[in-house]
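I'd like to ask some things about the structure below.
Going in written order, the chains are labelled A, B, C, D and E, and every chain counts its residues from 1.
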Amino acid sequence: MSKVLRIATTWLDGCSGCHMSFLDLDERLADMAPHIEMVYGPLVDAKVFPEGVDVTLVEGAVATDEDKKKIRMIRDRSYILVSFGDCAVTANVPGMRNQFKVKDVMKRGYLENSSQNPELPSIGVPHLLDRARPVHEFVSVDVFLPGCPPPTEAILYTISELLAGRVPDLKGKARFGA
Amino acid sequence: MTLTIEDLQNIAKIERDRQEGTTYQINVCVAAGCLSCQSGLVKEAFDTEISRRGLENWCLVKGVGCLGLCAAGPLIQVQPQGTYYQGVTVNDVSEILDSLGGSPVARLECSQHQAFFQCQQKIVLENCGKIDPERIEDYIAEDGYLGLFTALRQMTPGEVIEQVTKSGLRGRGGAGFPTGLKWTAVSKAVNNTKFIVCNADEGDPGAFMDRSVLESDPHRVIEGMAIAGYAVGASHGFIYVRAEYPLAVKRVHTAIAQAERLGVLGNNIFNTRFEFNIEVRLGAGAFVCGEETALIASIEGRHGRPRPRPPFPAEFGLWGFPTLINNVETFANIAPIIRRGGEWFAGIGTEKSKGTKVFALAGRVNNTGLIEVPMGTRLRDIVFEIGGGIPGDKRFKAVQTGGPSGGCIPEEHLDMPVDYESLAAVGSIMGSGGMIIMDETSCMVDVAQFFMEFCMSESCGKCVPCRVGTTQIYHLLHKISGGQGKPSDIETLGELCDLLKNTSLCGLGQTAPNPVISTLKYFKDEYKAHIRDKNCPAGACRMQAPEEAL
Amino acid sequence: MKKPLRVDERSLRADVNPVRLLTFKIDDRDVSARADETILTVARQNGIKIPTLCHMEGLSEHGACRLCIVEVKGMSRLMPSCVTLPRQDMEVLTKSDRVLDYRRKILELIFSERNHVCSVCVTNGHCDLQALAVEMGMTHVRYDYIYPTHPIDATHPRFSVDHNRCVLCLRCVRVCDEIEGAHTWDVMNRGISSKVITDLNQPWGSSETCTGCGKCVQVCPTGALSEKGKSVAEMVKRRQFLPYLQMMRHRE
Amino acid sequence: MDEQMQSAMKSTEDRRWRLVNRTMRLHGHEPHALIETLHAVQEHFGFLDLDALKYVSQALRVPLSRTYGVATFYHHFTLKPPGEHTCVVCKGTACYIGGASGILDDFEKTVGIGPGQTTPDGKISLVTARCLGSCGLAPAVVFDGEVCGRMTSEAVLERIRRWTDHDPDD
Amino acid sequence: MTQQIVIDPITRIEGHGKITIHLDDEGRVSDAQFHVTQFRGFEKFCEGRPFYEMPSLTERICGICPISHSVASAKACDAILGVRVPETGAKLRRLLTYGQYIQSHALSFFHLSAPDLVLGMDSDPAKRNILGVLEADPTLALDGIKLRKIGQEIIAGFTGKRIHPAWVVPGGVNEPLAEDHRKTMLASLPEALEITLRTLRWFKASLENHREEIRTFANFPTMFMGLVNDEGNLEHVNGKLRFIDYKGNIVADGVEAADYKTYIGESVEPWSFLKSPYYKPLGYPDGIYRVGPAARLNVCNGCGTPLADQEWAEFRSLERGPVMSSFHNHYARLIEIVYAIEKAQELLNDPNITSPHVRAFAQPNYSEGVGVVEAPRGTLFHHYKVDEEGLMTWANFIVATGNNNLAMNRGVLQVAQRFINGNSIPEGALNRIEAVIRAFDPCLSCSTHAIKNPSFPLLLLAADGTVLDKVRI
């Protein structure tokens, strides 16, 4: 553990549960603090995804054109990209809309289930892709950390391995759905 | 009633006399290809015109099986000169009759005549275009059922198998398994009940050899099956034929009825204790039923889903009984082998591939149709001599053999001999004999996609690699041909193909990737052009808008 | 034509002599077997793990999931151990890189075929498929998900079938035919459109042949067949009845 | 439907059922006659309806689900009544190379139905065939049983137009 | 010419959102919009699923308050079954909910807002996060981590899983509470209480430093909504809806969940995936109301536990009527943690809590059901319709954050008008604009029509889109 690991986390189409599982490191988070620098993420105030990030954990599926742009940018700026949780790895629950047409999904939300101004949001909001898809269908991914959410222990293992300069092998350490 | 050799010879003599009694004979092709070009009407017109002119004793009109050159239908052949006329219509009838005895009608004469008809050597198709498929007498006149007689009366079952083994004949259905070995296995199986199955479920898109044989010379297949029945100890046979071939089905039914009437099927055939019956079973549109175990399931009235082998049908086949399954063309070779001896047959072809092979020539070639050449004929000769080359000044690109299980062979291999081993060496297979010629306007990615779509929808769905793998490969090809592919897709394609080949349950899945593997091998640049440049070099694929490169 | 015998498919291997004993090698270990025992059986007898999905002790072999493939020295193609009988001196490898790699790819294909959302599945935590992914170290699916549209049939008063989670192992079809004797289940269509059905592809609840015994539900490896009213992760399958029924039927 | 009534009707009332029954009798009402029987039903009725499947199942002692499975496994069988006219486009290799997919595309664009579908008015069904074996005549199309070779989109659509235009008087 | 400022993403909130601020010719703030930019479509894709899967499925709406979703969902399912949840089952759902309140409020207060409160609104943005707090005030930061852990452990104590447990089911819960878990939980609560009371003291003492924020963080009159129990006291799991006006008068009370549509309408604004609910009798947008911690303390007659009641009384004495500034959500949050701990203690000491009767079984008996709970961020509605077989045919969700959408938009405007002036933007002003959102603690992932959090620069844009100023943080 010679150098400080520059870590970013982000989420696309997810529920933040994976991030919560990360926070479930509890006090171990404080122990880890001297060895890591959180350069970007929902818990810190950086507005720009920095260049040269050592490790980025991505939660959530790619569901919109903005997600797509973002994940490509993140891939370019990250040395190791971790698909963090089932939504990123398999599209999971966000992918459940894939059996329906985007149009019908939007219609239910904004036309059928509203009593005032039924219209489809269109200003300043991203464009939904036909299907919510796993991250690795868009960019190459180095580490897959499945789970809904991934168990805290698996997260700890992943980060410890990365701190030790190894690419973690999660085979058998995490499973879909749990 | 039992038939004797004298009866047989008598029938043959009467028939030969009938045919030789007339000065001229006009053979009109009434196989499916020409029939769809109204050859039936042409034959009627000849009949009408001849009876109007009262020439019945001078000129005989005969509906015959396939003359081979389907592209030029309706075809007729005038004997004894052997003149071929192409594209004959009802209006040409009088003119042709007028020309008899004089010089041929030049404008109708087959221009492809020379090479197409003369470069071939016919065993399986020897009677095609010669005999009336709906008359057993015609067949007998051409030494029909002589093979069966020889086998039953002059040979032991073991000797029959020995001849077949000696001939070096290999299964014509695709894989090329030595026929003699298969027969031996079934004959050795200990069981009082055994079955013979003729696989006429010709499912390869682009192949119509079996259909032509059944339409043009059905008795040859029946005879082959009966000989096989004698050799292995089976008394019941099934012909499993595609329902999509109604004419073939009809002619097979007719032939079976005639054979039964004459006593070459039934009990005590040729005064022996051998009995043999044949039933026709209709396929219902499932390519996978070409696979032996699936075919068996289908005859048993179930889904045509293959089961793991071993046990092989030779030990555990139809209803659990030892079963011999051969392809139409394989059975069609049997009678000549028995009549003329295995050594004669072994003298034709190459060291490991004996005899001849029938091919259905189609695609971008001038002479599409049915041909039969000795094993080992150069591919280039087939395409450019017999096939007459590529129409319209286009450049040859590839030839696809073996249907959906086969591969695409590029120009660099055109000089190879056509036999089982050589084809396998370049990544294709002999298959049942479909041969599709492609020119520069054919896109190889598109062709691979076409075959994969076929395999995907023909997959029975039993094993995972085939069911899902073909679908995934198809989706990848679809993406690539639509300009939506990514560079890593080529690698993924290769991996999936390898997976299917090595882990699928049956031959369909194991060979389904062949068109992709061979096009990837020889035409990788075309794939790359689709992916990198979003461009189809052959101009065949429609590129989608480049918005969503998923 | 002679009336064909009714053939029990389970006795397929009438062509081998069950009394004969032979020896061969699995993963470099010498093992002995009866000639009619499959490689899978022998491997398990010797404590060698081979993953399976369509295989189910007490039902006929289907040989379709291909997860139990093994490498046999001298053969290029891989063999499904559940239906392959050993031969004298055969050398079988159950864990070669090649075998493991193919198995994982096959498992990925299974995951890509339907809509397996483990996190919200009734069998989450008790699912054969999910467990296989862990066992085989499959952390993601490289192939594009197909996302077919499949409905749920909840017309049966006690059970429901969710085709989104079906892997077409046909355990339900086999248990219903071979053990219950009802043959309510079968498969319609073919290839990727294959789907398990009850009777004439009619709602399960309207099936005339279903006895409601629930054996199909219990043998189903995933959440495709489940008991109604079970919430996420609550469906635990009970399969002890199968060897028991087998035993009771074969007692003399 | 009451079973006895059903079988009574099927054995006597309709000549077509008598032909189907004959097929079954010919095979001794053995389960293995299923496919042959389904062929007979489809030949005489044009398609397989659920009542027929049920009847055949009972007569041959085949489980209902297997009958349905077999009927849907084989592409030759259809469970929907066909249109008045049927157009079969061959999608064999030779026909594909010869432009069959273009014909299908144009058909779908103009007539509005894809393979396996029937126009809403029940007039025209479009079907694809794997290979008609008429590879020499590629691309081949079958109009109500009549095989036509070397077809183009225009020629096919012209035939279809004749069906739609003429039919009110037929 | 008008100009626009876009803050994208809003950081330290739970989800994806951005803010657009419109400036007029003089550089004064004329309008502001709060965009929620994530959408997952739960309302549609639940269709066809068996309703008994819904509690665990809808849990995946949010990883922070999954329990609220599973309980709201289970209550809607209870209504479809038409059963009364066994007493212990109901108590266990309640206990689980309090566990979630402890962890979720702790997250909001310590992990997300403490950086502003401890380090200051204008402090160095690079340090303005939980790790920065850890350096500046390790005790407080560790307190937060510990408190959140205790809450999470209560959840895990039931289910073995802290996030997305599959434990709340239609008709109750799926397993009784084990005795050893009861003891462990009980043992952890005194420390939690100690932490909370310590933090509460600190917070009250520091209120002085935030006078400007209190004055401007959505400090305007609106209605408030929240659940109250039969006594009119604070309620999070059961109870009925109460609406009060800005003066504190009750305008509707005892409203059953099933009647929510009579009182609440939902409107769509084209700039956001988050819908804007409103009080129907007053129409849109006049029917603006607020929910959440402060709103709950505003609508109730008291808490019903000794320590929390004491704090409640002090809280309510801040103003004569309802407490208007949404800044005080932070305050209310701490009081609710006290309440949650007290209630949890009470429940855990209940001898009945380990009873095995935790679930009622039934077939679906009704085709429709509504479930409502108070999620940490406010009132949460699940409304389902099912077919005869119990497959979902339709769903509607009103999430806690949605209820506050109108107020958040107006709050943003209020803060922007106070702190932004002219063409240059002080970073601290922008942080305050985000902080007002943080005060609401929107759970944007919650939104079936939800918010996100990507990071891009804050731009001052001309109407034509040209960049006038760029704030790099």
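By definition in this document, contacts are C-beta pairs under 8 Å (C-beta built on N, C-alpha and C of every residue); 3 or more make two chains touch, one makes a residue touch a chain.
This one's a predicted model, so the numbers in the text were calculated from it and none came from an experiment.
Student: What are the two chains with the most C-beta pairs touching?
Tutor: The largest set of C-beta contacts joins the chains A-E.
Student: Please indicate the chain closest to the centre of the assembly, with centres calculated from CA atoms only.
Tutor: Checking distances from each chain centre to the full centroid gives C.
Student: Taking each chain's centre as the mean of its CA atoms, which one is farthest from the centre of chain D?
Tutor: E
Student: Which chain has its C-alpha centre farthest away from the C-alpha centre of chain C?
Tutor: E
Student: In whole angstrom, what separates the CA-based centres of chain A and chain E?
Tutor: Whole-Å distance between the two chain centres: 22.
Student: Measuring from the mean C-alpha position of chain A to the mean C-alpha position of chain D, what distance in angstrom results?
Tutor: 51
Student: Roughly how many whole angstrom separate the Cα centroids of chain B and chain E?
Tutor: 74
Student: Two-or-more-chain contact residues of chain E, please, as numbers and ranges.
Tutor: Expected reply: 57, 60, 164.
Student: Would you please write down the residue numbers of chain D that are in contact with two or more other chains?
Tutor: 30, 32, 66, 69, 73
Student: Two-or-more-chain contact residues of chain C, please, as numbers and ranges.
Tutor: As it turns out, chain C has residues touching two or more other chains at 4, 119-120, 124, 142, 144, 187, 189-190.
Student: Along chain B, where are the residues that touch chain D in the complex?
Tutor: 32-33, 35-37, 69-71, 73, 202-208, 211-212, 243-245, 281-287, 298-305, 319, 360, 362-364, 368-369, 400, 403, 434, 436, 438, 442, 447, 450-451, 454, 458, 460
Student: Spell out the part of chain C that touches chain A in their complex, as residue ranges.
Tutor: Residues in contact with chain A: 111, 115-121, 124-125, 130-131, 133-135, 137-142, 144-145, 147-150.
Student: For the complex, which residues does chain D have touching chain C?
Tutor: 28, 30, 32, 50, 53-54, 63-69, 72-73
Student: Please output the residues of chain E touching chain A within their complex, sorted ascending.
Tutor: The contact residues of chain E facing chain A are 8-9, 11-16, 18, 20, 33, 35-41, 43-45, 47, 57, 60-64, 66, 107, 111-112, 115, 125-126, 128-131, 134, 138, 141-142, 145-146, 148-149, 152, 161-164, 261, 265-273, 275, 278, 280, 284, 394, 396, 431, 445, 448-449, 452-458, 471-473.
Student: Of all residues in chain C, which touch chain B in the complex?
Tutor: Those in contact with chain B are residues 1-2, 4-5, 7, 9, 12-15, 61-67, 69, 76-78, 80, 83-85, 102, 105-106, 109-110, 112-113, 142-144, 146, 168, 187, 189-194.
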